[in-house]
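Next come two complexes built around chain A: one with chain B, the other with chain C.
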Partner chain A sequence: MKRLKITIPLLLCLLSATVHAQGILGGHVTGNVQADAQLCRADSVIGAEAVEEIMRMNARADILYTNGDFSAGLRFEMYQNPLLGFDPRYKGQGLANYFVAYNTKRLSVTAGNFYEQFGSGMILRTYEDRYLGLDNSLLGLNLTFRPWDGVTLKALAGKQRYFWDYGEGLVRGIDGEVNFNSIIKSMQDSKFRATVGAGFVSKYQPDETITLLDDPEYKLVLPKNVGAASVRADLGYGGWSLQAEYARKGQDPWTYNDYIYREGEAIMLNLGYSQRGFSAGIQAKRIDNMGFKSMRGVSGEMLFINYLPAITKNHTYAFLAMYPYATQVNGEQGLQGDVMWKIKKGTLLGGKYGTDLHINSSVVTGLVTDSIGGRGTEGYTVKGGVGDLYYGDVSIEVSRKLSKSVKAALTYAYQVFNPKVENEIGPLHHNNIVIADVSWKVNKKHSLRFETEWLGSDSHYDASEPAPDMRAGDWLMGLVEWNIGTHWFVTASDQYAYRDGVGNYPSVNVGYTHGATRLQLGYGKQRKGIICIGGVCRPVPASNGLTFSLTTSF
Partner chain B sequence: MKKLLLALAAIALAGSLMAQGAKMPENISLKTVDGQTVQSSVIQNDGRPVIISFWATWCKPCNRELNNIKEVYEEWQEETGVKLVAISIDDARSAARVKPHVDGNDWPYEVYLDQNSDLKRALGVVNVPHTFILNGEGEIVWQHTGYQDGGEDEVIEQVRQLLK
Partner chain C sequence: MKKILIALMGVMGLMSLMGCDKIEPDANGRYAVFAGSAATWTDGTPIANPVQHAYVEKYTGPICNNCPDADRTLEAAHTQFGDTLVLVSVNSKDNTLGAPGPDSPDMRTEDGAIWEDFWNIQSIPAAYINRSGSVYTSSMADISAGIRAAINESPVVALEGSVSGSSEISVDVNLQFIQAYTNPVTLTLVLTQDSLRYFQIDGTQPVYDYVHNHMLRDVITDVWGADIDCTGAVGECRKATFRFTLPDGMEYWHVVALVSDKESRRVLNSVQCN
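== the complex of A and B ==
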């Protein structure tokens, strides 16, 4: 009922805007519709369970109406029942999101649900990811003012979406950014580029009763308002670029840091050099107690105000992403380096068509800390130095066109993974991964792609554990993709644990694309694992059965 | 359930009927690869067609598409005067890699960052790659999701149709 109430004024608002501006058919509508469904079967070997509803489905439609500077949007969502792996609290359907906005060159105003980001998001980023089932949009008011070219000022206030409701924490923020090349005439064509910015975010949440663990009589005095601020710079000279951001957060005892009163801190540095055909970059990051949520008692991925992405590369091949790294918001430090080189054609290494070389490496460790107490204290102090290894990898990808119609890419990667990252205890896993990816354009209409992956790991499947790791052991994977014209594709793949592990995950998929509409039908098994997008991860249970998916944009 | 699907279908139908001639939004903030904030009105080509390609550094098919188009881009430009504008949806995790990625791949395109996904949302994009063609008036006349080898032939064919 609550949802219905908001629809009526909104529809009226939409309607009046349409009529007012250019009659009913003035302006235009854009948007998208997506539906994903699963028919699940039980499979005791991989641990997939049948579900009572037989079918699970997520569906949504985003509708955006634009008329000149005015726009309004609605989002309908349905989870009946949520797909496996999505939080069961999503169950239901209704209007999930709505806004009206007015956008001109100098001013943007949004009332309703909005997505905003200050700098790289270290103190504030509201975003959504439909594949992770994550939406932390703010419901409130968002203003952006650009008084001159090169100057952006933002102010916002609102409450964050929490499944079908909103968290009680109130979030307020301001941010400013100046680009010197735009405001200083003599710098307009300068090789030197500079942008600086700063932001401040404050959250308010009423008091609640949190007691000491060993003394339930002793109630913590919780800060009702918690502030976080950041400063940043984005500098460049010719092919060089340097981005830096530093953020600090006031005392914020909450469930993830076990209600300690230590202040939070994060720093990110990014140095890059690039020229035509070559680039190199190095990134450094350190996070200390910087998880920032609008409600202190909520665990999980919802209600985060800030965004602290993983420093590691976002791998897309299945086995490279099998042991994914997730940011440890309580404390981590890391380095990442990256080199891309397009070796010219006609040279010894380049061959007839040229060769692409891509090397990436990252290492993330914990901080070295001294505990000074638990809940209700400042928690710990940080000593310099390098703590436990959380994650490390190095990958080399060589890709080359072999003939007019054949392209091949070969990847080798080595990974070290600490189960602690997923809150598990155990020894480090060491993995070697080799991937060959060959595509062949058979003729104008047909093309084929073959992908073979191998993963050798020193982890072993142990059935006696309460929750054995379904990824353990050595794996092989094969995939064949057949593209027919630009409309149809068929894929068949299998992932098989051939040593020290269990599981065989065959699957077939058929897809049809027409313009901005895509239909896909699949049948097969999915490994219990973790889906990560942008360093945010969500566990997916094993499943076995038929899947259907439709997306269309208009 | 039935009602819901009907409603969705009706919305999609209404949308597709009205979408003819939908204009490219003008006042959405984007960033250049050099960190400068610009409005989406910069995406234009003096009355000639524009191809907009949404991509991300981590998206394999996007990279295949943009690399394959690179090989024929000069011919396309000579023949039709078309311009390709590549919009990266990389977020804070990889946004700093966009400029090195573009330079490293030696892409000749105009590239903007849509880190907050504002333009992506405004144009109803669900997944990358997603390609649009704008006519000389900045109206969206064609769009396509996904990329399969040879998909660029259809893109240029659509551009040629526009010029007839």
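== the complex of A and C ==
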């Protein structure tokens, strides 16, 4: 991508002009701006390093112009320099995304950067997540045709964003989906709901020389075109629902699977039931060599064509999220069960105001495989059975209103974590976690929230390891959040490793919200670790310093 | 507009559906080929008596009734010119004339098909000398003159080769530029086999144990050769060693080395290494 060098003042002028240009040419302009800055200082205890430039900043501005069926947008991004933990290849600034689109009831056309998903994403999902530093948008053409209500056909072609450039791999795809409740008149009011779909994605990448490790005079015969296909169904009857998708991928030797030629496959099943006050679901997933990138030699999270959804709960409490699970694209299988029950008020368990009960459990293991060679071979065969335990957890959350002004939630969780999922070696970690979360609405203007967390782990901090796990040991955490009116909030928290661990991570934040604008200033320490969203992760280095954040939309 | 877009969707869909390559493994279960360019070229040794060889690449087939005449002509030339004539017989990819006869192995090769396509061979038998000049067909009665002329040329490159090992073989190649040559040059190593007995139509007669010699079995390097790391200056000597695993139980095999112009693919010199 030709990076456009736009200076900050020019951008601000542009934004300023645009903000006041709503209604221009009969159209409508919307947008949002976000800036996150960080001042870093060294802290040898937690392993934080000072940065030369003292302050680092990630900033972006999205502008969208809409006029009837026509829309156009652009996104300016600036990483001067990228915040700690973000890939340094983002360093720079310029237009990272631009498109024009035409949307009618029957037809949608997008030229430029676009995001698209086929089914659950197991063969194609392009998306961006600013907190992961991930953007795999396609630059090209995306067509959607809806010849009848309930029938959707998609076709796309393009190249994926790769920091400030585009990968050389060309991605082509088609997808079709039929909703029978829409196309069959007699089913329109039926309790039975059915949608089926199928998609095919192919990537092209020119040949390159990749030699065998044990015999470098031999080079791999690489497939230049790699295809992946999936079929899916989404069925429902009354409160029941069943989503199923099966995907298969052709020979795709690439860096993550060490250039083996085994074909990939993945299956996902999701069975759910819900009624008023109660819902339950069970999810099963099996992945075998299903990572799919548009460039075979690129590691990291960029340039993934597909997305393999995580089967573990995306926890939000700090200690529950301390050991997040990263999807193992080379092979994993797992189950997740989830039950939510709203116990009626006035009952023994429900109390005066009712009680919410949420139980979730998941287990993920590896596949049982027999190696039949390394690079340049089929790689392995899969036997039935259950492989190494990668991750398991069970969490029980009970939340209840104790009075008109006090609400409390109590959570207990047990986790088993295998360092192997982070490419580390070591024994399984077994964690017990207890969390108490109490909110108190003091009066109309003030409210307080208290959060206390405890994590007991059998892991131990070992400074002699090449990369000691800063999360190891037993931890305590306290947090107080004070909301003043609708504009201000103040939080203070501390995480402390009181046994077998190291580190004390205090943090203070002050925020101000006005309309769609939010400012936040904080000071604190960040523990080295890993952040995962939906099974996709990035490392977070230790840091100590001031943080500033601004978000606004118009 | 809508029709154009729908047609575009169809084209994109077709492009996608066609986009999946299937790679077949070799006999060892490896999806790899010899990367000739991976061999390291180092300074070689001068060659005392440079000899210009004639390389004849002949396209043949078991159901080709005129091919045995060409074989006889070339065997006679081989007797006449000795080792200065280097022969390689390529079984045509043609589904009729090149197809295997009764109880016969299929001698067609992917590499041979690539060469055949490149030279646009329309009928067999057909032969080239040094991959340049006229194509010889039918009984090739006039090919001796061409071979003699090729042998009498002053060599641009002197070439010698040797083979050691039996199953895992090493091919040592040494060359010297006798004349300056500035175009990029490549080295192609070809595996051939003699004394193969299988079906052949000879004129109108089926011969079930016809003796096939110089048959192409594999190209050890990339199909058009490995780059030779050299400047092409007069007197420059370069050498390299290539390794290769022979198919199990292979007998009467030879390795032929060709030094070629990378662009025109004309063979500058050749040698049978064993």
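By our rule, the second predicted complex is superposed on the first by the 531 of 554 C-alpha atoms of A that agree within 3 Å, B and C clash if a C-alpha of one lies under 4 Å from a C-alpha of the other, contacts with A are read in each partner's own complex, and residues count from 1 in each chain.
Keep this in mind: a residue touches a chain if its C-beta (ideal position, glycine included) is under 8 Å from a C-beta of that chain, and two chains touch if they have at least 3 such contacts.
Just so it is clear, the structure is predicted and the values come from calculations on it, not from any experiment.
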Simultaneous placement of chain C and chain B on chain A, clash or fit: fit
Contacts of A:I174 with chain B and chain C, given as first, second, both or neither: second
Dominant toucher of chain A (residue count), chain B or chain C: B
First, second, both or neither for A:Q188, with chain B first and chain C second: neither
Contacts of A:V201 with chain B and chain C, given as first, second, both or neither: second
Which of chain B and chain C A:Q251 touches, first, second, both or neither: second
Contacts of A:N504 with chain B and chain C, given as first, second, both or neither: neither
Which of chain B and chain C A:T381 touches, first, second, both or neither: neither
Partner chain(s) touched by A:L143 [first = chain B, second = chain C, both, neither]: second
Smallest separation of CA atoms, chain C relative to chain B, angstrom: 17
Doubly contacted residues of chain A, that is, touched by chain B and again by chain C: none
Interfacial residue positions of chain C with respect to chain A in the complex: 2, 5-6, 8-10, 12-13, 15-23, 25, 29-35, 37-39, 242-243
Residues on chain B engaged by chain A in the complex (per definition of touch): 1, 4, 8, 11-12, 14-16, 18-19, 21-23, 25-29, 34-37, 39, 41, 57-60, 64, 91-97, 99-106, 115-118, 121-127, 130, 142-146, 148-151, 153-154
Interface residues, chain A side, partner chain B - complex: 25, 28-35, 59, 61-64, 66, 69, 71, 76, 78, 80, 93, 103-105, 108, 115-117, 120-122, 125, 127, 130, 144, 146, 150, 152, 177, 179, 181-182, 193, 195, 234, 236, 239, 241, 243, 270, 272-281, 283, 307, 309-310, 313-316, 338, 340-342, 356, 439, 441, 444-445, 447, 483, 485-486, 489, 513, 515-518, 534-535, 551-554
Chain A - residues contacting chain C, complex: 106-107, 109, 141, 143, 145, 153, 155-157, 172-174, 200-204, 209, 211-212, 215-227, 250-251, 253, 261, 372-373, 376-378
